[in-house]
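So that we are looking at the same thing, I have put the structure below in structure tokens.
We just call them A, B, C and D in the order they show up, numbering each chain from 1.
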Amino acid sequence: MPESVRGEGAVKAPSAAPPTRSIKPASWLRDTARRPGWLGDLSMLPALVVLIAVLSVLTEGVLTPSNIINVCSQSAVVAIAAIGATFVILTGGIDLSTGSVIGAGGVTAAWVITSTGSVLAGAAAGILAGTAIGLVVGTVAAKLPVVPFAVTLAALYVVSGATTLLSHGKTIAPVPAGFIEFSIDGPGGVPYSVWLAVVLYAVAQTVLTRTAWGRRVLHVGANVEVARISGVHVARTKASVYAVAGLFSAIAGIVLTSGLAGASASMGGPLLLNIVGAVVLGGTSLFGGRGSLLRTAVGVLFLGFVSNGMSLLGLASFDQQIITGAVIFIAASVDGIGRWSRRRS
Amino acid sequence: MTAITVTGLSKSFGGVVAVDGVSFTVRGGEVVALAGENGAGKSTIKNIIGGILRPDSGHVDFGDAGNVATVHQETSLFPDLTVAENILIGHLRSSRVGTVRPAALRRTASVLLRRVGAGFGPDAVVRELSAGRRQLVEIAKALATEPRAIVFDEPTASLNLDEREMIMRIVEQLRDDGVAVLYITHYLEEIFRLSRRIVVMRDGRLVADRPAGELDRSTLEALMVGRELAQGYPETTKPRQEIALSVRDLGDGARVEGVSFDVAEGEIFGLAGLMGSGRTEVARAIFGLAGKIGRIEVAGQPLRRGDVRASIAAGIAFVTEDRRNEGLFLERPIRESLSIVGLGSVCRPLGWLDHAAESRLTKDLATAVALTARSGQEVDGGSLSGGNQQKVVLAKWLSGQPRLIILDEPTRGIDVGAKAEIYRLLADLARAGTAVLLISSEMEEVLGLAHRVGVMHDGRLAGILDRRRATQEAVIRLATGGIR
Amino acid sequence: MHAPTFIRWTAALAASALVLTGCGSSQKASGSDGSAKKITIGVSFDLLNAIRQAEKSAIEKATTEAGYEVVFTVADKDPQKQSSQIQDLIQTRKVDALIVIAQDGQQIASSVSLAKARNVPFIAIDRAVADQQNITFQITGDPVADGKLSAAEFVDAGKTKPLKVLELVGALTDQNAIGRRDGFNEALKGDPNVTVVSQVPTNWDPAQALDGTSNALQKNPDINAIFVPSDFLLPSVQSALKAAGRLAPVGDPGHVFLVTIDGDQNGCKAMRDKTLDADIATPVDDFGKQAISGITTALGGKSVSPNSVQTKGLSLDQANFATTSSQVWGCDGA
Amino acid sequence: MRSASQWCARALRRQPLLPVWLVLVLALSGLYGEFGTVANFRNIAIQASPLIIAAVGATFVIMTAGIDLSVGSMLFLAAAIESSWALASAPAGVVFAAIAATGLLMGLVNGVAVALTRVPALIVTLASMQVFRGAGGHITGQQNIDLPAHLRGIGTSSLLGVPAPVLLAAATALGGVLVFGRTVFGRYLQAVGSNRAAALNAGLPVRAVTIGAYALAGVLAALASLTQTARLGAVQPSIGDGYELTVITAVVLGGTSLFGGRGSITGTVLGALVLTTAQTGLVFSGASPYVFDIVRGGILLVAVIAAGTRWRTLAQALRPAAVS
């Protein structure tokens, strides 16, 4: 309702014309004001291209369609969980409980699937469980005077402990063959899990850029006081973000259950580093307010190719660790230098 | 006895020239004022002199002064350390092994605190001090180096009248002791009171370096802005009959109690008082940011307590005193800061944003406040000048139909040109029927704009003066606890 | 703007150089894939530790004898990583057969079906997998039997002196740990001379084993026997005993009766030093040999029968040490 | 008398965890007869020692508003170096010096990366966590390696009846208190964590202080590794796995703010003691080990909420400082 803008008639336009600056066509890429937002989101893409090029030289088969599908399907779980983590990090928070919620969601789903035989019921139960956990964590993080790092660390312990306790530490299996198929095959030879991840990214990116909720998430992260004073329901936004993270972690847990043909409480634990690593590698700021899902997608693919490449090269696991660590650091510092130079100019 | 000699300083940031060939000197025993609008290059000069920035060309020479101390604008103290530790943070190394001797620290700090006339001890934790006291700590810290030259950067920006007076006395004392003082401020009266010479900067260049006696207020303003400013304050029309805001026995449960007043539609109600008298607390309690006691009605409807969203829904807008941290997003496009309050009006069902409607809205808002941001609405808020930032904060509230707009220090730290535009905007808002609650430390501004002036003293409303009776003397008498 | 761009690209180059140097050396080690005819076997381990190293050597020995090539991957206890690595082995490296030590016997199922779909023989060793229909061959130890064999040592010793036993348990999420526990407890059921007075979970973590043992010895000072379900927890247990002043060699009246499972270098050394009473050794060499012969059979187009083998451990105790130790893998290099 | 009670009140205000710990100890002693014995307290003290040592180091880092996720990996890499050195059968003194040097080096790597690049500490240490563990794996070849007797010595020896690990932990804690409270470095640490921009403006050696904090954390992680492996008697690939979260839990439990600038070494020591005592208590109760995770999470949450009001004011106070 722009008509309702006050002062449009009441306030006179300024007498002094604003000084204008002509922008050369060639400089539009460098001009943050003119450059389309998504272009900035792809700042890690050159690094990804370099990585793939290097890997292709070192080993064969990297750029074959089947291997690319492999990388995508292997990354699907981290990718989906990283959507939720991106929203949390955009508010300036962090969710250390992601891995444990992946376990909890997967175990719940697998338990319902094995006892009722219905995949749909299981998926619904898993999603419900994950979202509920996220909502509780988020409500505590938003309403009580605590830092997200500590709350979600506590939640990590409680959720993984409780899931292990309730599942007696066992793997819940077997699940129906059709459910396993979800992570193996799909239209065009690309597994359904990958299609699901793609759709979820499209939806989440749209939600972030095209809805009021997405805007509020960015604003809470950019400056919580400005948001509060401007009428944003800060506590509700924060709580909702953790609930959304719980939702996506649970979906990731269900996809992982399908990929592994069974669920165990501990299965999500090792993924936390990759999830947070992918979000930050993509260039979403840990301080909140800056970032996007496009960035996270590039970060996920980057890590996916790193681990795929190392596995193809047959590297020993300790060498893989060293290289993963070094790559995360170098990629983060390259991006950091880039942002630093932009800030300086 | 020249203490600071600046010769041909130039500095640019990523192609933008901030300071261009500036030269001047400050001698021992004199105060030189550095004046200029925001973005004129004063801070860059200060940072180069203070050694924080390195110039692209030119140099700074301290002559026999040896070193220079800087008193910063935004206090650069450590909230978790004690006063003594803060003052002597640069001089902690009292023994060779790097251990700290608390007793010696405390003694030295006490001496410095006495020198600035502080009425508090060295053991207090800085977090618990008021803004004025922190500024004193800041000065004591600068004095710890026994400097022969000091740069003051807006030392009084966040202080009340008493505290400003105290700071100015300290400056005068330092000057009499033979210290060279470079004084940066927006308060022209301080410039004329303290300085012997005035250096004026505009767009990174030095435009004047003259004895203070040769300049008067309007010439100085003209030098700073580069054009003649319209004199005085805009005309305001008579308030309407309807009461927009009614406050009864308001308290915040801590410093403020028993505050009652009404503001009519179309009225500009000034709230004066010393810093710490509770003006800001009243504003925050009305807006729902602080716990409130008492009764507030907006257009006859009672307001739910402690609920910002309810206040906004009732038509209250609040421009806080801290625009950088509470007003706009420094690291997001200004479009988003502009549309945040009116976001609901550009939303379709399911919270779907209509980007076209949003950009129409923000363009209209920017036009309404005469926002002169050069590069459009996609630049980050942090890249704007203080004046433009304040205009963005004001504009974001105009998307609704504010019944009442509360402004806390709306012109603090912004240049004269932007000030005039904000005054005109307030007058226009009032003419259109909005009630305006204006809080300001600049008495002239309150007296020039407000229909009535409420004066706070020690957490209570000491009295309300209408325009005819609201003179500087009357306000000060009430503000300092005198009788009407 | 120019200088930082330069820095960025230098950094990117440095990153690629790092990956290059890091990988270059290992690629040589893994051999050339060029000689097309050679049969390549993909091996996926759950983790790497002493017993896995022994299993790795056993596999390497057997493959060299058979003239095959090996590609090793290790999943670091992450089932998702293991599944990815197996996918890479099958679909990109195009290995001819797989030898897998599953991180999780249930969750390996999708890898099993992938191998089945791509006609790659799937051999599970050491840890059982749930999907028995679709695997080519499986050879594992028998955790329940190993537990029972351990218990037998306690029953024997209990005849001379009643035993109050502290039972350490591995990870509750691990079938091997649960099997060893169940076999042990079942075999002891009803024996009047041996009572389990305390069960301490260790999560296969030496530090937890140490603290748990210390605490249990504190709570039950009359403990005079400890069942240790894996050799790699032995140093922790002995540390705890030493701290409690309870460490004494076999034969000493203050000796705490100790039995472990695995038969690694630690265990063998402790047997030789007479600080350990018995060690149930896993037949690691069998794993390698039988896995490779299974592969040879499968690649020849025949099915392996029987397709699942459980090998019992070898009881090594102080009485038979001189005659039996040569058959225990941990005693080889010692 | 009055000053004594005042002192008590002040101590209580400063260390609210102290009564929590005392109540925990009393309750457990009441529940389980064997709990309240000298031998058991000795046990708890020994078990808490490595945690105390590593957590004191982490306190320095967190005090600068940093974080160190690589503690567990540093523990492992130091242990790996120890085992490799042990193979060369060097005298204990040389081994100890080598380990301390390793810790220093690892800490310097972290510190330099945090101080000189713009990468957040969380990411730097996330990366170095991988690198250190990988390097450790390289050295040990993922084998279990027994330590020779002279290196196990400090795990079991004692001085005047006090076990060596406890002595080490006590010395570390005391040293930490002194460094933190009585040295210029300690003040600078607090200043950097309290307001980094102001520290830069005041010309404090911000980078050096940051590097120093991480270097100290590295050395102490190596020292913790030494006590831990000496007790275990062997170096295993799983050493220190997930230890970083336990260490951070102890520090946060002790009341040190993750925003930096605020906290205490004594709080950290108490945090480590509460965690260890609770764990021992659970073993006594015979509960499932997973219950410990739940209990630990619960304790952390309660402690954090209790300290929360202070944090919130801190967060607000720090906001302006974040913009430089």
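Basically, a contact is a pair of C-beta atoms (placed from the backbone, for glycine too) under 8 Å apart; a residue touches a chain by one contact, two chains touch by 3 or more.
Here the structure is a predicted model, which is why all the values come from computation and not from measurement.
Contacts with subunit A and subunit C are shared by D.
Of all chains, the one whose Cα centroid sits at the greatest distance from that of subunit D is B.
By count of C-beta pairs in contact, A-B exceeds the other of the chain pairs C-D and A-B. In terms of their C-alpha centroids, the spacing between subunit A and subunit D amounts to 31 Å. Centres computed as Cα averages put subunit A at a distance of 40 Å from subunit B. Chain centres here are Cα means. That of subunit B falls 44 Å from that of subunit D.
Shown for subunit B are the residues in touch with two or more other chains, namely 14, 325, 330.
Counting partners per residue, subunit C has 1, 48, 172 as the residues that reach two or more other chains. For subunit D, the set of residues touching two or more other chains reads 137, 142, 288, 290, 319. Contacting chain pairs in the structure are A-B, A-C, A-D, B-D, C-D. Within the complex formed with subunit C, the residues of subunit A that make contact are 30, 46-47, 50-51, 54-55, 58-62, 64, 66-67, 70, 73-74, 77, 164, 168-174, 177, 180, 183-184, 256, 258-267, 270-271, 307-317, 319, 321-323, 326-327, 330-331, 333-334, 337-338, 340-341, 344-345.
Against subunit B, the residues of subunit D that register as touching in their complex are 182-188, 190-191, 193-195, 197-204, 261-262, 313-314, 317-321, 323.
Taken together, the subunit C residues at the contact with subunit A in this complex read 1, 3-5, 7-8, 11-12, 14-16, 18-20, 22-24, 26-27, 30, 33, 48, 71-81, 83-85, 87-89, 91-93, 104-110, 113-114, 117, 130-131, 171-173.
Those residues of subunit A lying in contact with subunit B across their complex are 1-2, 4-8, 10-14, 16, 18-21, 31-34, 210-213, 215, 218-219, 222-223, 225-233, 289-290, 344-345. Remark: subunit B residues 50-52, 70, 72, 74, 76-81, 85, 89-90, 92-93, 98-100, 127, 141, 322, 324-325, 330, 382 touch subunit D in the complex.
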